[in-house]
Structures are given as C-alpha cells and as structure tokens.
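The following pair of complexes shares a single chain, chain A, combined with chain B in the former and chain C in the latter.
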Partner chain A sequence: MSKSSARLLVSVLSVSLLSGCWDQVQIEERGFVVGVGIDLPSSKEMERQAEKEAPDKPKGKRRYLVTHQFVVPGGLVSNSQGGGGSQSSTGDPFQNLTSEGDSLFEISRELAVRTSRSPFYQHLKVVIVSEEVAKSPNTFADVLDYFLRDPDLRRTSKVMISKGKAKPVLEVKPKTEKLPSLYINSVAENTDRTARMIPEVRLGEVHEDMINEFSFVLPRIVAANNEVKVAGAAVFQGQGNKMIGFLGEEETEGLNFLLGNVQGGLLKTKVKDNLVIFNIQGTKRTIKADVRDKKRMRFQFFIECEGVIAESFERLDFMESRIMDNLQKTIAAEIERLSHDAIRKVQKKMKTDVLELGTYVKQTHPDLWKQLKEDWDHGRNLFASSEIEVKAVVYIRNGGSVNRTEIR
Partner chain B sequence: MFRRVWEKWKNEAIASCRKQQSSHSDQQASNKTPLSESLQENLDIIKQRLGNPQDLIIRPFLIDNSGRACAVACIDGLVDSELVHDKVVKHIQLLMSPAGKAIPAPDEDIMAFMLNEVLSIIEVKTGTTMEEVLDAMLVGDTAFFVDGSHTTILIDSRGWETRGIEEPVSEGLVRGPRDGFNENIRDNTVRIRRRVRDPKLRFDATTVGRRSKTDLIVAYIEDIAHPNIVNEIKRRISTIDIDQVEESGYIEQWIEDNFLSPFPQVQNTERPDKVASALFQGRVAIILDGTPMVLLAPVTLGIMLHSPEDFYERWMVGSLARVLRYLASYLAVFSPALYIALVTFHPGLIPSDLAFSIAATRDGVPFPAAVESLIMVTTMELLQEAGLRLPKPIGQTVGIVGGLVIGEAAVSAGIVSPVMVIVVAITAIASFAIPSYNLAIAFRMIRFGAMLAAAMFGLYGVVLAFILIVIHLTNLTSIGVPYLAPLAPQLVSDWKDYILRAPITFFKKRPDMLQTKDKTRMKAGRSQ
Partner chain C sequence: MNTLPYADQKIGQKEMVFIVANVVIGVGILTFPRTLAAKTGSIDGWISILISGLVASVIGWLLGKLASRFPANSFFEYASLIVSRPVAQVITFLVGIYFLLFVSFEARALGNIAKQYLFTTTPVEVITLAFLLIVQYAVAGTRIALLRLNMLFFPIVLLISAVVQLYSIQMLELDNVRPLFTTGLGALLQGSKEVNLSFSGYEVVLFYTLLMTRAEDAPKAVVKGLLIPIFLYLTIYIFVIGVFSAEVVKNLTYPTIELAKDVEVPGGFIERVESLFFTIWIMTIFNSCTVFFDLAIFNLGSIFPNVRKFTWLLIISPLVYMISLWPQNLVQFFSLGDQLVYFGIFITYLVPILLLLIAKWRGVRGDE
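Up next, the complex of A and B:
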C-alpha cells in the first residue's frame, strides 16, 4: 500500500473509531423530562443534614425543591403492544422525582443516582414556578438561569406560576391525557376559546423581558381534584423580576383586551333583565399616545372586537339594525368596564406596566424612552401617573344560525 | 488527499489495462489463408478448422449441364434451411439443368455469372479467404463453392429461432408502446428504424469479442449527435479486447468514465421508444447482439430518474411524478440513516409524542438503533435478492413470508421496533420507485455508507455523507458530459426537462448539455 493511501486509511479510521458514537444515547435510555416544578423546601431538615456532612462546602443563599416529571414510555402504550414486552404497562406513564439542593444543575445531576435514565430536557414542555419562589426577592431569575443557560434546553418551554406549591400541579392525573405536563401544555393553548388566560409565555420571551427590564405577566395555574385551571395572571415587576401579585380572572380578561391578546372568549351583557352572550371571534387593539407632558402622559386604547351572538335569553330581533347597534354599544361598555378594572389594578394598585406601554413608547419615541427608562414603572413611576383611556367598538357579525328560538 | 489517491488508483488501473491490451494485440496478428481452387480442399479445411462438428452441413452437388462440382456449406440451426434448399440448391439445379441456362465457358468467371444471373437472393457477398468464410458461416451465412474458383459466394441465410417481441419486463409503463427489444440485433435495429425514419440515422456496425465475435451497432443521428461524443464512444469501443461479450454490461463497464463510482454512467433500456427519443436528443445507442439491453450514452443523473411516461402523460402529471422520484431517491438513500441519527443522537428533533412512542416501542429492543437498522436493511436486501433468483410464483411467496411474517414476528419477538419496520418499508418502496434499476442499486449501496455515517456522527454524519455524494457526483462525467448537468454546470434552458417537465410546446431546442449539432427541435412553439 502506498504512503498516501495508508495515510488516508489511518485518518479515516481514527476519525471514525476514536470519535466512535460519542454522544450516542439510545432513545429508550433517555429520561424525557416534560415538566419541571420549582418550590421552596418546606423544612430545613435537608439543609441541616447537608451542613453536617460538609460544613465548608460553598452554599447558596436559597435552597430549592425541584420536581422533575419523567416520561415512562412503557406506560404510554396500550397493554397488548408492549414493544419488547419487558415493560408491564400497568404503572403510570410518568414518574415525578423531587430533589432538594441549592443549585438546579446539582439537583438535575443528583437525579442520576435515583433513576436509570439520565434527564433529557429537549422535550421540556412546562416550567412551573411556585408563587412562593416567584415572590422571593432576586429568586425568579436565579431559578430560570439554568434553564436558559443549558444549550440542551429549548427556549420554547412554557413558564407558569402556580398558586401555592408547584409539585401538586405536576401530580394531577387527568383522564384525557396520559402525561400531566402535556395536559397542562394543551390547556394553556386554549386561548381561542377563552379570554381568561393569557397566551402562553415561553422561556425565551421571559428572558427578553427580564433583559429589557420590562414588567411582564405569566399565566397562573391552579391544581385541584386531578385537574388544573389555567386562568389569571401573575404580575412581575421588571425591576428585580419579582412577582408582586396575581390578577384575577376578570382582570386578566381586561388585560387581554388591552394587550390585544383576545382571540376568543365571551362577553355577557344584559338586555331587559335577560342575558345576551356574545362570542368573541377576534380583536384588534391600537394605542395612541400623547407624550408631550412626561409627568402626565396620555394613552388611548382603541379596542375593536368582532364576533357573533352565541346565546340569547331575551328574544330580540337581531335583523334590526337599531337593536344590533344598541347591543354593540352595551357589549362595548362591558369591554370598557373589564379594561378599566384591569387598569385600576395594575396602574393604581400594582403600579406596574404590564400593559406594554413602555414597549410602545420605546418603539415609537425611542429618544424619549431613553430619558424616562429609569423612571417608568419604578423610581418616579411615570406610568402610574399617566392617564389611560379605553374606547371599545364592537361589531356583531350575525345573530347566529337562527334569529329567534321562540316567539314571545 | 482523496483526489491524489484516487488519481493514483485510476492511473494504475488504466496502465494495467493498457498492458493487457497490447499483449492481446500481439497475438492477434495471424495470417489469413486464401481459398484454394480445389473444392475438396476447401471443404476439408472447413471441416478441419471447425473440428468436423455434427451441426456442419456440407452438400456437394453437380451443376448438371457442365458436370462441374459445387457445394454449399452451412451450420445447421443457424440457417433457414428452407431458404437454402429452395433458393440455393434447388434454384441452381433447376436453372442450370440441361434445359436451362448455358453455363459459361470454363475460363469465364463462374462466380460472377452465378451472382449476376442465377442466385436471386438479395443479401450476398463474395469471400476470398478461409477466415472470411468461417466467420460468415458461424454467423449463419451459407457458403457456396464451385470447383475451380478462388472465391466463394456467401449467402445471407440467417434464420434461427428468436424470442418474439414482448413487453419489456424491467420497464413497465401504464401508457406507452408495449414492444421491447429481444435478443436478435436485427429485430432491434428494425424497432429503432421503425421509429426513426430519418436518412441521417446511422448504424455503424462492428464486432466485439475476439472469440465470440458479437455484433455491435453504434446508432446515432448524424446531424444531431455531437461528433465528439460519437467518436469518443467509437474509440472506446474499439479498445475493447476481450474473449467474449455476453451482454451489453461488458460494453458498459469497458467504456464508462469512472469504474470506481457506484453510479452507473451508461443507461440501459429494453424500450425502443426510449432509445428513439434518446437518439433525437442527440445521444448515442449501443446495440449488442444477444441481449435486449441497449446502452444509451451519455447519461446524467437527471435522465436516469426520468421515465418515458413523463412525456406520454400531460406535463403536470409528469412533473409531479418526477418530484416524487427525486424525493424517493432521497428517501431510498437516507431514511434508515435519518432514523438512526434522530433516534440515537437527536431525539429532541422528533415531535414529543412520536419521540415518546418510539421510546416505548424500542423499550426492550436489545440492539442499538444502528444495529437494528443494519439487521432490517440487510434482511430486506436478502429478500430482494432471494426473490429475484427464484421462479416467479415462489418469489411472491418469499415476499409474503419475508415482508409479513419476518416483519411481524421480529417486532413481536422484540428484535426490532415497529417504527424500524416502517422505515425499512419506506426505504424499499422508495427504491422501487426509481425507474433505473442500476441507479436503484447504486442508491442501495450508498444507503449502507449513509447509515454508517449516521451511526457514528448523527445528523452531522448524514450531512457529511450527502456532501460527499454531491462532490462525487459533481466530478463524475459520462462520456465527458457532467453527470449533474444541467444543475452543475448550470444550464438553465435545460431545466425544462429536469426536476419538472415543462409543457411539450416549450421544448424548442434540444438539450444544451449534449451540444447537439442541430439545436432546433421545433421552429415555433404552439401557434394560437
């Protein structure tokens, strides 16, 4: 064999054999983590024990209790089809492992001593942070640091705030889905049916807001009786990224109108003591701003909303334009009421700009924004002193398939 | 580095070929024996040269009115004995009977007389050497000797049993002519002539094989095909120096540009319509006696993936079928590799639900995905090979046993996962969708390389393998025409007949990549 072909052979062999299947992990050996819940530990026992074992070890300020939800693929398939059949598919299709520590990465690696499958985060769907963690000062960003820094993790995982502990949220056993995390993931996508949840917020979007020091809202999730409820919102102050409180369902609806997030949902109105229900099919929001006076800026929200009549307990003739006009006005008034409620809460009580007005000013008046950036919704809080008006217009496209159910 | 090693191998191979060739040509210089005047001597030499075989027929007879001895010699089975009987022996005897024509004086050329006045067969020639006579007889001619003449008349009396014209087995179509080539070169040239009634159609004949002396015809249309292509093909054929040529594959392997490439550089077909359209494109056909497989050169990867039906159906149908075939070639090469890469290296790229169910079905499979794929793909190759060798009815049974029983049983035994069975099935179906069998084989070979790359480097390896294949294809030529034309080199006007097939009225010019002499296909497009 000539020298050059020997060289070729050596290089091909060394490239292939030395690297040899490096990084190779069979799919069934991966521990797919689909959900993570982050709590604060309820007792100090573990901490004390750790202290005793290694007193000189560097310690973090705070300890976390992290629940990883692993998929147990064998539990996902029906009994007759077991693939190899080694897995008797009687158990749950998921396994929750909870560990305590002062570093999330440490916790993740500690799981290796407890499970045969090493955690694999690329299918992570939801990160649930408990209210307690979110409300502790300087903790929320610390908690998300690992999830943002690890290249294995996707910036598309959804972030939610649980009312109460995060662990029980991952322990619900829904009937319709096999995996709690996928169930939560699907529920959070139902924004075209209701206006009471804010659209999914992804890890990457949270990161953007945190870097820009914008205040933001995250969906609230509550677990009860083997089901979850994704409704309401958690408000985060951009300065310090600390949660300051929840918005209720009604307030969330108003906030959604103000943010132009409403894709579906309903509005109730009363006509002559009877309810008429309006099915929202889309909204459009525009903002006008008068920024001449920095201390008293004026913002005008203009909300256009269209939809159809979904239910009517009052026998109205929806073919008549006068009745429709009136109805449109009363529904518009309802939108304004909801919006004002939300504004009252976030502007006057929380003094936190989750209405994205800061973003609006930054985009339309970048020079001005540079001056008031430091005093927007903290410091002198120009946001709280600004004036916000809401004007809504409703277009009822039709009265449904029938005009009347009965003649009265 | 690859290039240097490659050049070296190539040069060594070519040099060794040349050496063999020159040694052969030394042997070939042999003397020719002129025919003797004596009839008996000639017949004796024939018997001796052929070893007096059983199928040698020698029929001596007298030309009645002169008493001159003569004889016909031919080989039984190769000749149409009825023709020899009616048109030669009986004819001569009748015409030259005492009541018939007068025999010329002995000093006159009796052979010229026979040719001009007696024999009424159109295909005759004269021969003067024993080699000529023997060659002609072995082809199926009948030699006619007259005592006292130096020359012989070689009468074309070929008439052996041939297979009729049947539908081509390897290239079925829904719409299109049903005739295919057969093993007889004359029948095959007829099939082409019937389609190309152009006086410029050239059938340049030669024989190949030192001992087999197989007829070979290079067909082209003189004022379309580029002379360099024709001459290069003829030159390469003239270098062929082997004992016997059984099939056009011998020719293909001798004249191809790169014998180390897995890709076929000469197309073969048993469809006369395909050959005719190739001739009109400016390509060259090589027809060999004894095989229905006609070679077409030059060829590109694009042409290999085309089917005549693309033009018989309307253009949208043709275009869609082509897109599908390009997809099929990609799947045929890369689908097992992609499976390996995704399952062992990048489960994050699989949709979550699918990833979990693949994980569930692979639970308990004892082999890594790479070994699993190798087992299944090899099994599929085995089935394919076994099905080919067996007679048709048994072949189908093998298909059922292999496909259903082994597939199903392997899954329930937990040797492979059901997803793997699907991947293998897709691979097999995709490779059957490729119209050229030899290209499909090339893809089957590359598939293993792609799987190896995927097993070692994941998707990165798959991409590397793809780049490697593309580099190789870019360098490859077929009789000097780039294999990736019209993509590389970029000949935009040829894209009308590439991945999409443009409406038929758009084809005003012949393909640029073939550099045809007559470029015009139609004077004007559709006139409306």
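Up next, the complex of A and C:
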C-alpha cells in the first residue's frame, strides 16, 4: 500500500469512526414543552399508593399535580394543506400530560415513561401556578426552584396565577390559535389595549422579586369555555412569597395607574347623565415622599394621563376649551377614584406594599430603608400606617374625527 | 512601505493589544459579576472594576517595561542576566508550571460550561479532551500563527458581545441600578480584589515582547490591551445588575450567560442569542489556551534547550489533561482557579517586578 492511500484510509476511517455526538436528539424526538400548569392534587389516592409501595422513601411536604403541554407538530399542519394522507392532522396540535409527585423534576422525568418525546423546555412560554399552590405557605418558591435552576430553561417564560385550577387553563381550545400556551402568551402581551391586565411578569423577574423580599403582583388568568381571560392580579407578600389574595379588574386598573404601567385602555365618565369614553394613550407617574415621621410617612402619587375621546353619548362641543377643561377634570377624578380603590385594598386590607413604595424609599433614602426594612409591610407594618395621596391630571389631545354625531 | 505586511516573523503593537485583551477575557468574564455583587451588593461595583483595572494597568506597564528592556532576549535569558542562571531556572520553571496549570483550568472551564449548557449527556472528560486536542494542534504550528489568530478572532468577539449588550438595553430597569454610591470603600476594595482575579493573563507581555518589531511599545500595548476588557467588564456589570438586580446576580452561577440567554432580538430572527455568545466565548478561551500552552512549552523549553518543541507537547499534554480533570465539582474548580491566580500573582507579577527593580539598580540591559 502506498503512503498516500494509507493516509486516505486513515482519514476516511477517522472521519467515519471518530465523529459522533452524545447529545444528538433528532428534532422529531424532542417534546417541545410550551406550557406548564402546577396544581395541588385533589385526592390523596396517589399519595397513599406511593406510601404503600415505598414507605421509607424520603417524602416532600407537599405533592404537586403538574400538567405539561407538549406540541404535537403533526397537528399544526392546517387541514387544507395536510390532506395528503397525514394521519395526525385531524388531532389536536397539543398534548397535555398530567403527573403527580412531590418533586417537579421527578414529575418531568416521569413523563419519560409516558411519552415518546422527552420534555424539552427551551421553548417554554408560560408557567401557570394555581391559586391554591400560591396560597400554601412556602410553596410558591419551591415550585419555581426547578424552573430557575435547570440550565435548559430560560428566565423569560411568563408566570401567571390561575383563579381555580391551572390545568383547565391549558386545556382551552381557542379558535384563533392552535396552541393554548401560545394563545395565552399573546393575550398576556395586550397591555397596550387594556389597563386591566398587569404587564407580563417573567420567571427572572419573579426570582428578582422573591429574592429581594419585596411584595409583588402577578397576572391573574381565568379559564372559561374556549378562552382565557388575563385580567386582575394576584398579590404576593414579599415575606415568605405567599399569595395573599386577588385584586379585581378595577383594582388592577387603579394599581396600574399607581405603578405607571398603563399604556392603553379606557376610562368612562358621565357628563349630564350620558357616558363619555376616553381612550388612554399614555401615562406618567411620579412619586413624592415626606419621610420625616417614620410612623406616618406621606407619599404623593402624581399621575399624568393623555389620550383622546373615543366615544361620546353626550353631544358636547369638543372644540370648546371650557368643556374640555371640565371633561379633563372629571376623567382625572375617575383615575383618582380607581387609584383610591386599589390603595384601600392593598394598604388597608392586605397591608402589602405592591405599590413599590418600599423600592422607592430604598432608592431615594437608602440609609432610612435599612432601618425600615424589617418593619415595612410586615412586622410593625409602617406601610399600612403611611398616608398616600393621589393627584391626577388628564390631557385630552383631541375629540376624534368628528365633533358631534347628531344635533340634539 | 512594506508590500508583504505579515511575511515577517514579528508582531506589531496592534497584535500585542489584541493578544492581551483576548488572553485576559477568559473564565472570569462569566463569573465576576457574581463575586463582585456579593462583595459590593450594588451597582457601585463598577468602581471596583475601575480600581482593579487601574492596578492591572500599572502592573502591566511595569511588566512591559521589564520586557522591553531586553528586546532580543527570552524571559529565561534576561532573568539569567539579572539574577544568575540557577535562580532564573527556578523562576522560569515555575512560570512554565503556572501556564500549564492555566491551560488545564481553562480547558476544564470550557468542559464544565459546555456540559452544563450545551452537551448535557457528553462526559466532561470527552469535551475537555476534544478541546485540548484542537489546542495542541494549534500549538504544534508556528508561534506567530497563533498570535495572528488572535487578530482574526478578536473583532468577532467584540462584535457579538456588543450585539448581546445592545439588545439587552430594552431589559434594563433603572430600579435595579439605584441607589448609587452606597457601598463603603472597604467593600469596594474587596470587590476589586475579586475582579483582579479576572484580569490575569496580561503577563504574556513578558514573553512576547521578544517578537515585537518595536519592543519599546510593549508597555503601551499592555495598557491599551487592558482597556478593552476593562470597558467590557464595566458594561457587562452594569447590564447584568440593571437587568437582574444585585441580589439576583449574587445567586446566578454564570450571570453573563444568563444575560445572553435572556436577550431577545426583536422580530424573532434569532431566538437563542446565547448560542452566538457561547461561540465567541469558546473562541476567546481557545485563544487564551493556545497562548498559555505555547508559553508553558516555551518556558519549560528554554530551560532545557535540547528537547524539541514537539516532544514537549507530547510530555505536557497528558499532564494538562489529567490536571484539568482533577477538580471533582464546581466548588473545587473555582477554588483551584483562585489558588492558581494567587500563584500567578506571585510568580508573574511580584517576581518580574522585583527583577525590574534589580535590573534598574544594577543597570542590566539587554543586547540590542
């Protein structure tokens, strides 16, 4: 054998024998998980069974019922195109697998015995945690630990709290989207259209809130028939990261104004017994604080809001500056009403600072914050005893394309 | 004008700048925000970065001064001129060992991170081995080619890290950055000690000045080369804190990777920017590894001039591989890294500065 052909042989052999990949997973074998729902099991049956099988096994304090939503790529092919004999095109484009266990990792790995496609979390869009889980003491951080710790997961998945069970939320069949999780994902991004939804909160931000021990809010999601509703908010106490309760849609609107989150939405006001509707196009919020008296701190929210008239049942002359001034004042009063309602609920009832006043004090008076930290919205609860005022100013930029719709 | 600018076996100032920058950017860039945030607890850590950057620049300048005093001599040769041959032998041997350990450390770092984020089922031994084989292949070639490779890679590295940071602007939250200037001087200095560990590597100037066309540019080149990582560290720290807040950064194993993972390029054109980030990071690790490997061989080789370079390669490679597999877990690995840097501070900063002082005092100069 000549030298050159020996070389050729060696290189061919090394290319074919030495190359390879341990981590090769064909895309057909990947089970793309797009949504996860976390519940508490409703019966103790599984637990008893597990107890019987292995009584000495280390057990967690709590058991979870976790629903994984997998994408079924065959179902994604639309029926008009997939007529060519694709057998799976009739089925759902997703599959929900629910499993019970006391560790989320265990549940995820248990799915291996039930599905041909191993769970792959890189494209996880939403994590839905049920109200029940969030309200149990020391549980919320536990269920998120796996999602934060696994290097495969990213911190950008959205976290939401479901009113009632989380599983039904992942089972809705929307007409406009194929995958429930992607549908929820895009609904949660509609904050420029409504003020009743708090801006999306990502896994990384929840980690931030939990570790900083500030109280926080997460979006509330409710499943109904074939749709979900993302509106309202779940309030979490920063100490222990336990959910206290929900804010209703109106209260959430008020909270959004106080947090400066409002990008769009509407405000209704009455002029002479008829409704006038204001379309919000942007807001700005500033806080002023008087912190001299620790037991009675005073905070002043100043909210500026601009927009246009969207609908008017009262025939007003929107070219008249006096009328516009009055209208601006009544709409401002509506903002103040909404804000006061939200303040009443979170400050007086829940005594939990989701108004980010703690953050404000920390940023502007870091030394004072060090003394207050332990008594802010727990302990002596200085937050609850502080005084909060709201002042709103509205700018109506125009009255729309017409001035009056009819002469009355 | 030179018609064939790269035909000679020499490097210019620009090459030196890029080598220093490339070698300094290594494992530290992924972890320093965590250690720094743990010490300073706020955005103020940027001051620590400046302090340690300044310290590094001063040391780098001194090392450059020493090397440019002997423009035609290798480290072993000028060390022998300054402090007799036997002492120089010991120093050079330790320097060789230091670089050998450094290669092991970086190769293992690559193995760890590639396993954690990219190849979860591939054994770390195999990843490290594959990487080391490529490094050996590169080192087996000419030295000047290695150094030119730095020039080739570095602009790509800068470009991608700029992209990652550009797109993370949208995730910056001012709330995380404030309050400013709350950290005491003590904490800042402790922080700068942590960052100092991430600046090591610029000692390569001691050994490559020999190859420079104008050796007197060496001190300037080190400082310029250090400016790039200083700037990069500053922006990364500010971004990481701005995006995650200091408390979270303390609890992230590799904050910089998490930043790259969070970045979303609008329009969904590239969803996983971290794959780009890993690519460039591996490129810089590869560059530093080849440089350190080359220096390990060169220094050990200069004590025993009769042994061929390729023989050295064969002797050292298994050693490097075995040492790189020594740490059993991440905690041991990081502590190996810290000890390595302290050893480096002694043998490549303190000793050479002493050499410089002695050389000045005794008036030793290199031959032109």
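Rule of thumb we're sticking to: the second predicted complex is superposed on the first by the 380 of 408 C-alpha atoms of A that agree within 3 Å, B and C clash if a C-alpha of one lies under 4 Å from a C-alpha of the other, contacts with A are read in each partner's own complex, and residues count from 1 in each chain.
Basically, a residue touches a chain if its C-beta (ideal position, glycine included) is under 8 Å from a C-beta of that chain, and two chains touch if they have at least 3 such contacts.
None of these values were measured; they are calculated from a predicted model.
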item: Per-residue contact with chain A, leading partner among chain C and chain B; value: B
item: Touching partner for A:G204 - first (chain B), second (chain C), both, neither; value: second
item: Which of chain B and chain C A:Q122 touches, first, second, both or neither; value: both
item: Which superposed partner A:G91 touches (first chain B, second chain C, both, neither); value: neither
item: Contacts of A:L8 with chain B and chain C, given as first, second, both or neither; value: first
item: Partner chain(s) touched by A:D23 [first = chain B, second = chain C, both, neither]; value: both
item: Partner chain in contact with A:G400 - chain B first, chain C second, else both or neither; value: neither
item: Which superposed partner A:G60 touches (first chain B, second chain C, both, neither); value: neither
item: Common interface positions of chain A, toward chain B and toward chain C; value: 21, 23, 122, 152, 154
item: Residues on chain B engaged by chain A in the complex (per definition of touch); value: 1-2, 4-5, 8, 343-345, 347-348, 352-353, 355-366, 368-370, 414, 417-418, 455-458
item: Complex interface listing, chain A residues touching chain C; value: 21-23, 122, 151-152, 154-156, 204, 207-208, 211-212, 356, 359, 362-364, 366
item: Residue ranges of chain A in contact with chain B within the complex; value: 2, 4-5, 7-8, 11, 16, 19-21, 23-28, 30, 32, 34, 71, 73-74, 76-77, 81-87, 120, 122-123, 125, 152, 154, 182
item: Residue numbers on chain C that touch chain A, as the complex places them; value: 116-123, 126, 175-176, 178-179, 182, 244-245, 247-248, 251, 258, 261-262, 264, 272
